[in-house]
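Please go over the structures that come below.
Consider the two complexes below, in which chain A is the common component and chain B and chain C are the respective partners.
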Partner chain A sequence: MVPPTLWRCLRTPYITHPLKLRPCTHNFTTTLSLSAKPLKPKGPPPSSKMNPGKQRTQSSKLRIKKAPIAVQKPAYEVGQRKELRRRIVLSNTNAIPVALPPMTADLVGNEEAAGAMFALPGGEGDMIVDRLRALGAFQTKQHWPFFHRPCTLFRRETVEIGRMLERVMKREVVGEDGKANERAILHGYYGCGRSILLLQAMTWALQMEWVVIAIPNAHDLVVGHTEYELEGNSHLWLQKAYTTDLLNRVLKANQSAFKQMKLSQNYRLGRMDEAQKGDAMKRVLETAVLDPLLAWDAFNVLLGELGLPGSPPVLFTLDNLNQISIPSKYRDPAFNAIHPHDLALPNTFLAYLSGKRSFRTGITLAATSSKCSRTLALDAALEGRGVDPYEKLDPRIGPSIEGAQIIQVDSLSKREAKALMDYYSESGIMKAPVDIATFSEKYAVSAGNPRDLFGTCLRVRQ
Partner chain B sequence: MSLRTIFVQPSKLCLLPRHTPLTPRLIPGLVRNLTPKSTPPPAPSKPVGPNQDVLRHASGEAAATVDIMGRKSLYLEHGTLIQMLKNDPTAPQNAPKVSKEIPRTKREYSTAATPIDPLSSNTPTGMASSTALALPRVTSDAFALTIPGAKYPLPQLPLPSCSHLKHRYSTLLEQVINFIMIGGRKAKAESLVDQILANLRTRPAPISREGTPLLPGTPALSSLPLDPVQYLQIAIDSVSPLVKILMLKGAGGTKRPVPYPLRLRQRRRFALTWISAAADKKKDRLGFAERFADEVVAVVEGRSSAWEKRSQVHKLAVASRANVIINPGRTVAPSKIKFPIAVL
Partner chain C sequence: MMQIREFLCIYRIVASGTIIFSGLARRGCICLLASHVPSPRPLNFKSLTVWTKHPNIGRQTSTPYLPSLTMATAGTFMQRCRRALTEIPRLTPQLTCQLPRKPFHHHHCPRFLTTAPASTALTGFSQPLPDVAPRTRLTPLSPSYYTGSPDYYDNLLALQDLLRSHQALPTIHGDEAPEVRWKTMDEYRLMIGDRVKPSRYNKVIRILDRLNRIDPAIMPAETKAALSLYMRPENPELKERAARTVDGFGRAYAIGRRKTAVARVFLVEGEGQTLVNGLPIIKKFSRVHDRESVLWPLIVTNRVDKYNVFAVVKGGGKTGQAEACTLAIARALRIHEPALKHALREAGCVTVDHRQVERKKPGHVKARKMPAWVKR
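Let's look at the complex of A and B:
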């Protein structure tokens, strides 16, 4: 028998010629709807076994179903990583507690205490550590998490700062206008303990019920992460969000001092609000903290009140001074980089540092940093050499720190290094005994630098 | 003998100092201790009684604390019953009968169940801290003292093994660093190891779990965070397998598993592989150092998956111990013998 496919192959292919007429087909039907075939009535579903439609669905079961797209949980919440990065741990329960005398206010300027370790006062009910934490005095990478409680070394530079506090307290440095002010910059090599010295100054100031205003990292002011706006009158750029944050921290740390401060006159806050004469400073700041529009005015009110007679002594600190000596990341409408001295907060601090403005009784302390790109103008100013006219250095940097005392923070002396190493050993985290050979080795390798000393004693990689 | 299932006695698995020739004859710890059936098991050197390891009584403990603290304690004077009886004249009347007799009694013999040896100082050297040196603590007077005419005293010879610039870390740390290193970035690996150690320092001390076969001679777990190198070492050496299984071709297309003993470095490498594999499976997206340190703690606490892998290998090794190649089939000079395979 001949298969039918063979005949199909021999048939002429059905190809329409483009020029020939196509077979006529109707596009619509003229049959009446009544004469059309009636629709099938809906009956009961046929048995599943013989149903070809059902079989088809069964076969479709074999197809791989697409997995539903799972919404991946984000690894970190918004801001969680930053919080983790900036978390400050101040104690290690594994370390052996070392009995050390607290760093009380009567040690201010005590020369004999130099070269010994002291614990930060932090008993029950004593909130100094919490207040310091609120001020941002502790930093990560300062080795706090390795020890049982925060302790610091009393150094020669600490004595110097203590003397400064003493001079201001006894009003030995009163100027013509009856104001006692001291201004200083802590300067030295990397890891030499400038920030710790600021912390020690703050510890004393808080214990003596001074008002402490601290800008913990000037980098936050210039990095361009906070909003900013131009103020018409002073041609300065305000950072209201940052100022609110700063006020909040200052308020947390100085509750009791602000409770006693009363306003000496009426002030205007923002456009609408007013602060009456005799109001407590604490109340004014508490309202200002809630509204960023009031923060800058409230900050100015605070600074103004601190310059009046009868106000408490002030410690105004700023860490990482280098950061406000190089162009900021902020831009003006013409897209020029804004000079950091045109930002309101750095401008205010530098006014106090250079003596243009002053507190009734107060100390302005700044610390330089090593984690910053080169600041040739600041280096020249710190060394006290004049700017070469052929050098293209920023002419505004020199005058901004004019007249400030420069405290050179040196490397540790042998006695101080011994005290520090004994502390490591007593805390149980350094296993090697502190004998003459070990001590000389570690001291020589670290060159007396406190950060390197910790590294040589406790780190695998220095 | 049940000992036959164990290739190397765990008590012998202590750390060897650097550059130790791993010749089994020189180190008794590496020679397999076969117990012939004819010889009876050695008697324990000291009879172990039920009261041997208990804590001392209250005043004895207080005295020990006073001894450690180096100062007088009021507790000892006031707290003991005998003192109370001595100080208060009315007390003996009201005291129970037993305590009335105690002050007068003076035995000339000891009633202790086991004779107490004087405290011997030879603790296992392998478990001693790798960072600690057994030097006496120097007082401040000696601290100021130097050899006249010389700035520093002469070094002690031979120089310690870690005094070489390129081998300044312990063998274990160097191996961990090299294990972690990717693409030759040693500095990065070193800083990672540093972070791991810092993590171990600051974490809460591990909680001991019953049945975790930690290395014998492990100090109290609460003291481990203060010596993170030892912490890491205990974790790695405890979980490291004694043997590896090689599949050799057998008759009729079968494969037969053959256990081979491992050297210290090889064993540590297996342990590191398992620990880091378990660390990488962690769901929390932590940093590497944090994950690894987490896993090290898990190993010491006995809840790491590395333990399962280890016991799997050991079970298979025990099951296939008949396949061990006793005669390597070639003569090996005794000095070339690296590990106990040849003496099996």
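Let's look at the complex of A and C:
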């Protein structure tokens, strides 16, 4: 085929007039635009000869009605998933109810009760479970939804904690300043039941009308999700929003105790507010809960009042101690990671744990966690090792827990494991009969670890 | 009578009465030499039998050899076997005249277990010639003649017959069966006198193993004799493996290996405590699955609360270490209670898993993976 350019060469050259509009040509076509077909004149289409009305009716018959595109509803509302994730279900009506005695305050320090299951007191009008829930004592993944009502195992370590409560109550451990205090850290392998021991301590303390202050997860304090500000005097970083939240929970759990507490002196709350001498602690906290600016001062008022004679006994707990032994996610203006001990709340707790501050009557209880990155300094401190100068360990960690009793939470004894397995069996979640063979197998495989024991009891062997 | 090693098998009977041998014989077959036979007559009687109209040859050859063959056979089993062979109607002249339609269906007949002596028992010339022979032709005596390796197949079929006849006898588990060392493949080849493929050898060994599992209390003497033919002679100079025992402290010691981990285990009677490298097992193996692996031999035998385990394990990762412990504990447990071998084998604690990570090769990305092909 002959290319058309050849023919173009033979033609007379196309001279363009400078003032004349150039014909619109496309760069990529070889066909002259003038030789192309003229555009069709605008007008009615040839089918317009037909009856327009008829045509319309015909086409309307054929037209398929499209469904309107519905705006897809999100599967979850904002925050709904988080709420579901954190929801704590404490009962299951499908589970078989097991008749168990309640874990009352008269069991405190009772050695003979060790190795038996007890139900948390939650009868008519008894608000213990609700108060525990308010304190955040229950956690997800503690298998509460599998059972008819929350029950716990009375362990050797429970006896130890009970004895501690007893000692403080009877004021057997009074210091020189007339204050009776106990400080302890629960430490053990993963899933050994440290958080449950905290729960048991809280259960007893609430029943004995103690004031219970609980930081359910120290991770919330250091993870960098709450606002923080530097307080000039103490050079500590306040977390006012978190403190408000904490006060709110403490207030919910300790209504009756706070009702009876009267302020011993006037206090300044924030810049403007004042709390008068003789006011009920409950009223002070209720005002503080509404205003985050007052929260930290109110919290200090509470702690200060609890150190005075005549104040009720206190249980101050913190779970996941490891989290405040590693650098926090907060940053100072120079963008250095803030040491968790420079945050006001952890600092306050550690002051009580190390004995720098103390309640009039009280127990400070911390529990370590296994879901944390390595905390070599804390491990060394828990083992009582001195920090090796060649190891680059945080030198502030060791003194922060100094003097605290370390309660080693061990694996379950055979008796305790048997009680637990019987409870699982009676609740209907463990199908195999609890005979010697099954028991020894599951006890050996779980190595007496309560979390693994639950897993092995539920698991069907492949 | 002599054994011919190298040559001579096929012979022809000519109408005049002389026997002309032609072709080569198999190694190891028995050849008969008779002075009054016109020519030396190397015969592979297993291969061919003779049909002839001529009365003289048969009569000449049949009678004199049978007694000497009886002397040649060894063992009661073989005697019984030969007697059966000589007694069976197939060898009588009437039945040898059967129509060639179904020549190889002789399952009801016992077969030879060895080639040499039994084959001599089947001399075609031992048969009185039929009075009425329809035609003169050669019929293979062995039904396996056309398989290509008739010696092997005769042997296999004989063993299968033996097994079939003892099928119903009670058996014991292979782990409890008396330990025997069968002839090696080369020895078996010598015995058969033919090349035997490994797969065929394995078939025979499988049958022998099965026969060996017959309860020794009621094992028939015939089977015993048959099995003894296939056993390797005991070498007294070879030292027997010392049986492991529990030491003076009541400890059983064993080693187990898996991947690159090596576990040394001391097992003592106790109440179910486990220490691995001096740590409680939960500290060493935080996965439930690994702990279950370690204690598996004790779990399946229901001995968890009967023994204490002290293990030292080195090398490898968690899984390898756990499974090395499995093997070591299983072995140590067998020292305490040898009768558990069967249960442990069922649980997979006896067989060693020898697999290792395949090494990386030069030019490969991993052990086998090659770099992606690029055009330029």
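Following the convention adopted for this analysis, the second predicted complex is superposed on the first by the 387 of 462 C-alpha atoms of A that agree within 3 Å, B and C clash if a C-alpha of one lies under 4 Å from a C-alpha of the other, contacts with A are read in each partner's own complex, and residues count from 1 in each chain.
Basically, a residue touches a chain if its C-beta (ideal position, glycine included) is under 8 Å from a C-beta of that chain, and two chains touch if they have at least 3 such contacts.
Keep in mind the model is a prediction, meaning the values are calculated, not measured.
Using the contact criterion defined above for the overlaid structures, shared-chain residue A:418 touches chain B, although it does not reach chain C. In the superposed model, A:428 makes contact with chain B only, not with chain C. Contacts of A:146 after superposition: chain B is touched, whereas chain C is not reached. Using the contact criterion defined above for the overlaid structures, shared-chain residue A:449 touches chain C, although it does not reach chain B.
When the two complexes are superposed, the chain touching more residues of chain A, out of chain B and chain C, is B.
Using the contact criterion defined above for the overlaid structures, shared-chain residue A:440 touches chain B and also reaches chain C.
When the two complexes are overlaid on their common chain A, residue A:64 makes contact with neither chain B nor chain C. In the superposition on chain A, A:190 makes contact with chain C only, while chain B stays out of contact range. Comparing the two interfaces of chain A, the one with chain B and the one with chain C have residues 436-437, 440 in common. The part of chain B that touches chain A in the complex is made up of residues 129, 131-133, 135-138, 142-143, 145-146, 152-153, 155, 169, 173, 177, 187, 190-191, 193-194, 197-198, 201-205, 225-227, 285.
Those residues of chain C whose C-beta lies close enough to touch chain A in the complex are 272, 274, 280-283, 286, 288, 291-292, 295, 298-299, 302, 304-305. Contact residues of chain A toward chain C in the complex are 189-190, 411, 436-437, 440-441, 443-449, 452, 455-456.
On the chain A side of its complex with chain B, the touching residues are 75-76, 89, 92-96, 145-146, 418, 428-429, 431-437, 439-440, 459-461.
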